[in-house]
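In structure tokens below, several structures.
Both complexes shown next keep chain A, but they swap its partner, so chain B is in the first and chain C is in the second.
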Partner chain A sequence: MEEKKSVLKAGASLLRDYLVLVMIAFLVLITAIIEPKFLSGSNLVNIMRQFGPLVMVSLGMTFVIIGGFIDLSVAGTINLVAVVTISLIQPMGQLPALLIGLALGIVCGALNSILILSSGALTQAEALFLTFGMSTVYSAIALLYSHGSTMHFWDISASKSIFESIGSGNIGFFSVSFVIFLVLLAILWVFQSKTAEGRAICLTGGNKTAARLSGIQVSRSIIEIYVIGGFMAAVGAIVLFSRITTAAPVIGAGYETSAILAVVVGGTTLKGGKGSVLRTVMGVLLVVLMSNCLDLLGVSSYMQYAVKGAILMFAIWLDNRKQA
Partner chain B sequence: MSKSGILTSIYKALTKQKAFIALIIMMIGMLFSKTNFYSAYNLLDMLNSTSILLILAFGVTFTIISGGCDLSIGGNLVVAGILAIKLLDVMPIWLAILIAVLFGAVVGFINGFLVVQQKTEPFIITLGMGLLLTGVAQQLTDAHPLPAKNPNFMMISNGDFHGIPNLVIIMLVCFGISYWIMRYTQFGRNLYAIGGDYEVARYSGINVIRTKWIGFVLSGVAAALAGVLLSSKLNTGSPVYGETTALVVNCGVVVGGTSFAGGIGGIPQSGLGLLVFGMLDNVMNMLEITSYYQVLLKGAAIVAIIWMDCFANKRKREAV
Partner chain C sequence: MDTVQSEYILSIKDVSKSFPGVKALDRVSLDVKRGIVHGIVGENGAGKSTLMKILSGVYQKDSGTIIFDGQIIEHTTPHESMKRGLAIIYQELNLVNTMSVGENIFLGRFREMKGMRGTHAKAKELLDNIGSKVSTTKLVSDLSVSEKQMVEIAKALSFKSKLIIMDEPSSSLTNEEMVELAKIIRQLKAQGISIIYISHKLDEIFEFCDIVSVMRDGHVIDTKPKPEFTRNELIMKMIGRTIEKEYPGRSRNVGDILLDVRSINTRKLHNVSFTLRKGEILGLVGLVGAGRTEIVRALFGADKVKSHQVFIDGNQVHIRNPKDAIDAGFGFIPEDRKIQGLVLPFSVESNISMASIPKFTKLGFIQKSLEKNIAAQQIKSLSIKTPSTRTAVNNLSGGNQQKCIVGRWLEISPKIFIMDEPTRGIDVGAKYEIYTLMKEIAEKGGAIILISSELPEVLNMSNRVLTIFEGRITGEFNPETTPADRIMSAALGIVGRES
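Up next, the complex of A and B:
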């Protein structure tokens, strides 16, 4: 009897740990039965392309959340990086534009971390409101820089082959953006789980006082997580505007909540200290698959917002039960 | 008390009340501008247009004082407003408003269940609730503004009583009620105690869960009421006042001196904090600053103020 119970318990905890995978499988199955178009080649390519920008942003967000903070400024960072990068292709050439875009992301992230360090913010709430303010600031700079107008690829006469291949090129079966994702994922995974720095970030998120007392430089970890967050948001911005070939100064709206959703659904706890980039990839896959399925099933994009909110609340609630 | 003693106490009170300093700086600055900022019409108009934000802030203060936070008010506001306008077609005004406000209470109840009873972190979960409600609002209206058909409904917010706009009167009534609850009832004092130290409050016999829960319900009610008033003011239900409203109102409450740490602040402070944002908007319009710069200045103000709040918290921690 007792044995049976413990088996059940183990089964339940296993299910809870791999809930995301189960949900993905379930979702794919249901949609494939109802709408056979789902498994067609063009739809799979479509999913792979939708996957690109969100997964980049979410990977960065993972580090911020593991470190015990939150970053709402990614939407602003994406807006700013997108309009600045696309506007520099013409005067400076594509490679400098790309590099400046990425550097801008790092600067935005570093600015966030400087604000948080200098004010001594320790809690997620304080970081949430500081980064929300910074998001507004970055978005406003993007609006001022672009005069509120949308910039298009076809207005650029200079060579833009890098961006075009990021947006629509293929290497073998995979799209270029997917290959970039794989490379970055490998680097970030090694950084997170195999280096002392990565572990220091985990410890900082778990308990800042304990981390400081055991000789970890907490402030250094905080700078690292926000710089990674900003850099990945910049990569996401470049992948995003390359795919849709235009950059409006509001291009990043909603990415912050989607990224938080993906990270939490993947199983990284909002309390900090635990989680992994691989889990986030699963979370992103679920979010992207879900919106693709809902699209195919004819659910309006407005209702998809509501579904996202509901899933976010459910995931946090579940995570909370797990930690308790 | 000697003269310098009084001066230092005034200085202390001023540095504690950042919102007050910000208001005074703006008012002094406007003395030198050649605008009609100081006309009675403009000042009343400013109060009128800040009223809805103020009502939101009074509600949110109940959750922040007890150590929580409510970021779902933006979504709650728009859904309640749209609901009221939709229901107007089939029922009398008072019933439509009542149902919309009850809807807000239900949203607050669910928030309270998740945050207080299930003990989740309030920030992201109420953000999720806001996202959900914004989606519902867009679905209800197909993302288009929805005009109201009953002309009497419009008069609620746009009418006036001997020259004082109705909105300002309603806001003052809300202020009075929430101030009374916060200051003179056992419930209000219990909220302070819970925000100050949750465990101590629990051990001293306060029903912490119920008290905090009711705080969330009150926040939901205030948000729904604000939504109805906004719909009445614009005579349309529109889903565009979503997430940023929630974040701005919560920031405004903190600006007034109600800390996210809980247990500090009050209804008048929250009112002052939101007035800073209201006056900032008014001043920027008066000076004809372009809208992009307005966004920039507002963002910078939020960052600066939250930064100061965090810094003050840090100093307090180190002093202990």
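Up next, the complex of A and C:
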């Protein structure tokens, strides 16, 4: 009896841990049965493309959340990086534009962390408001910079081969953006789980006070998570506008919520400390598949918002249950 | 079940409860008579709190029966048990700080009380009844700890409680406040209300209780009327072995000056200067809020400091943050284990290793096997009781959690070990182990700054004692030759510095 109970319990906790995978499998199965188009080559390419930008942003967000914070500024960062990078291709050449774009992401992230540290806003709730404000600031700069207009690849006469290959090139079987994703995932995974800095970030997220009193440089961890968050948002921005070949100053709208959704659904706790970039990849997969499936099943995009919201709430509820 | 009043208000039979990896309660049976004070003693982790949480409905039991006031209780919630007449007053009081006393007592029942006027009138009646003069319109955040306790008791009475459980009620009370509490307990008893009194402090158990139960490792070991217990027997039953004395004796290895602190000034501290010698245990005595904790936090770089100079072995060191302090040779056990010391959801291993990360890092990469060795070695040498290195530290008892923090610092062998309330909330057996460790550290030439609210602890462990009052050092004493009351009056700011 006792043993049976404990087996059941273990099974339940395993199911909880891999709920996302189960849900993905379930979703794929149902959709494939109802709508055979789901498994068509063009749809799978479509899924991969949607996956690219979101997974980049979500990987960065994972670090911020593991570190015990949150970053709503990614939408603004994406807007700003996209319009600035695309506008610099013509005057400066594509490589400098790319590097400046990435650097801009780092600057945005660093700015967030400096604001948080200098204002002493060391709770997740305070960071939520602060980065929300910063998102507005970055978006506003993007709008001012671009005069609100959308920029297109076809207006650029200079070479833009790097961006074109990020957007639509392939390396063997994989798209270039997917290879970039794999490389960054590997680096971030090693950083998070194998290095002392990664451990410091986890401890900071687990208990800032205790971490600081044990000699962990909490401020450094906070700067690191936001810099990673900003950098990955910049990568996401570049992948995004390279794919759609245009950059509008509102291109990043909604990415912050989708990224948080993906991280939490993946199983990284919003309370900080515990989680993994690998889990986030599963979370992103679920989010992307879900919207693809709902598209195919003809569910309106308004309804999709409702579904997304419901899933986020369910994931947070589950997360809280796990803690108890 | 017959509802004729039985002799017992509460009868617990064969109740078991397991948590992952821990059997917290193993077929526990306990009967509480009406109108008496029933003491429950036991080490941390003995299962007292778990049992109480099952009674109140915070946890659900795995098996067994509970009969309260003639009714079998299956599933319950904290609110239901309150309504049934079973109230618990937790160590960390559960009041809403931003609301008034009256509002807290009748929280969520204002309508039953016919609005706020009725609420305050009824609250005043209840408070008068227990002899408390707290104004019902005062905000709870403005109350002292003992006044808050009164409010909790009044709240319990407002539910016409038949049984009130008090979980470590005395842990943050002053002596005068204890007298008040004793009075109230007697009054409640006179009104026929049963009380379960949980405490580590044997003095209180002997003073208040009629019947005493001892719990250990999830079992009730013994239940007897108080007069049949002796103090030693109680201790022995609690820890399952005999200890001859409460303190291991002072270390006698005081050497040269190691630490020289000159004029710490912060918002709360004024010109605090002192020295610490090798092999010395220096006790800081003072009231809560006098500045004891502020001194060590300033020293450790945890708080902002206006000015101070710190010399170690004659060389000036500049400490701006805890990391600087650790590099300079400090270790620090903070006063609040769960909030400042541990990362509760993390494993025992990572909690032990967190101050020595550089030790098992090569080129920025963590060497997992080295880390595991470090943890395993500390677990062994401090005999930390844990199912494995990977167990969440949250699942350990208070004493074992504290030992994890001690181990964390021993791993980097600090020259100066700051211990702020190192034995708070841990049981007699673990306390003795911590004392022994302190003695060993000192005998090996390490120096310790000890802060404790338990005066006997400071007086019995320290080589030298400083008294702190309102942010100033008011005296320096040899605890072996100075009577305790003299030290206490210096800590209360009554007499000046001993020449």
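Note that in this section the second predicted complex is superposed on the first by the 324 of 324 C-alpha atoms of A that agree within 3 Å, B and C clash if a C-alpha of one lies under 4 Å from a C-alpha of the other, contacts with A are read in each partner's own complex, and residues count from 1 in each chain.
The rule is simple: contacts are C-beta pairs under 8 Å (C-beta built on N, C-alpha and C of every residue); 3 or more make two chains touch, one makes a residue touch a chain.
Bear in mind that the values here come from a model prediction, so they are computed numbers and not experimental data.
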- Once the structures are superposed on A, label A:194 by its partner contacts, choosing first (chain B), second (chain C), both or neither. second
- [ ] Answer with first, second, both or neither: which of chain B and chain C does A:273 touch in the superposed model?
- [x] second
**Prompt:** Just chain B (first), just chain C (second), both, or neither: which does A:212 touch?
**Reply:** second
Have a look at where A:90 lands relative to chain B and chain C in the superposition and call it first, second, both or neither.
-> neither
- Return first, second, both or neither, reflecting whether A:308 touches chain B, chain C, both chains, or no partner chain. first
Max touched-residue count on chain A (chain B vs chain C) belongs to chain B
Listed in rising order, chain A residues that touch chain B in their complex are 70, 115-116, 118-126, 128-130, 132-137, 139-141, 143-144, 148, 257, 260-261, 264, 270-271, 300, 302-310, 312-313, 316-317, 320-321, 324
Residue positions on chain C within touch of chain A in the complex are 20, 300, 302, 321-323, 325-327, 332, 334, 339-346, 350, 354-355, 357-358, 361, 364-366, 408
Seen from chain B, its contact residues with chain A in the complex are 69, 114, 118-121, 123-125, 127-136, 138-139, 142-143, 247, 250-251, 254, 260, 292-293, 295-296, 298-300, 302-303, 306-311, 313-314, 317
Contacts from chain A onto chain C in the complex sit at residues 9, 194-200, 202-203, 206-207, 209-217, 273-274, 323
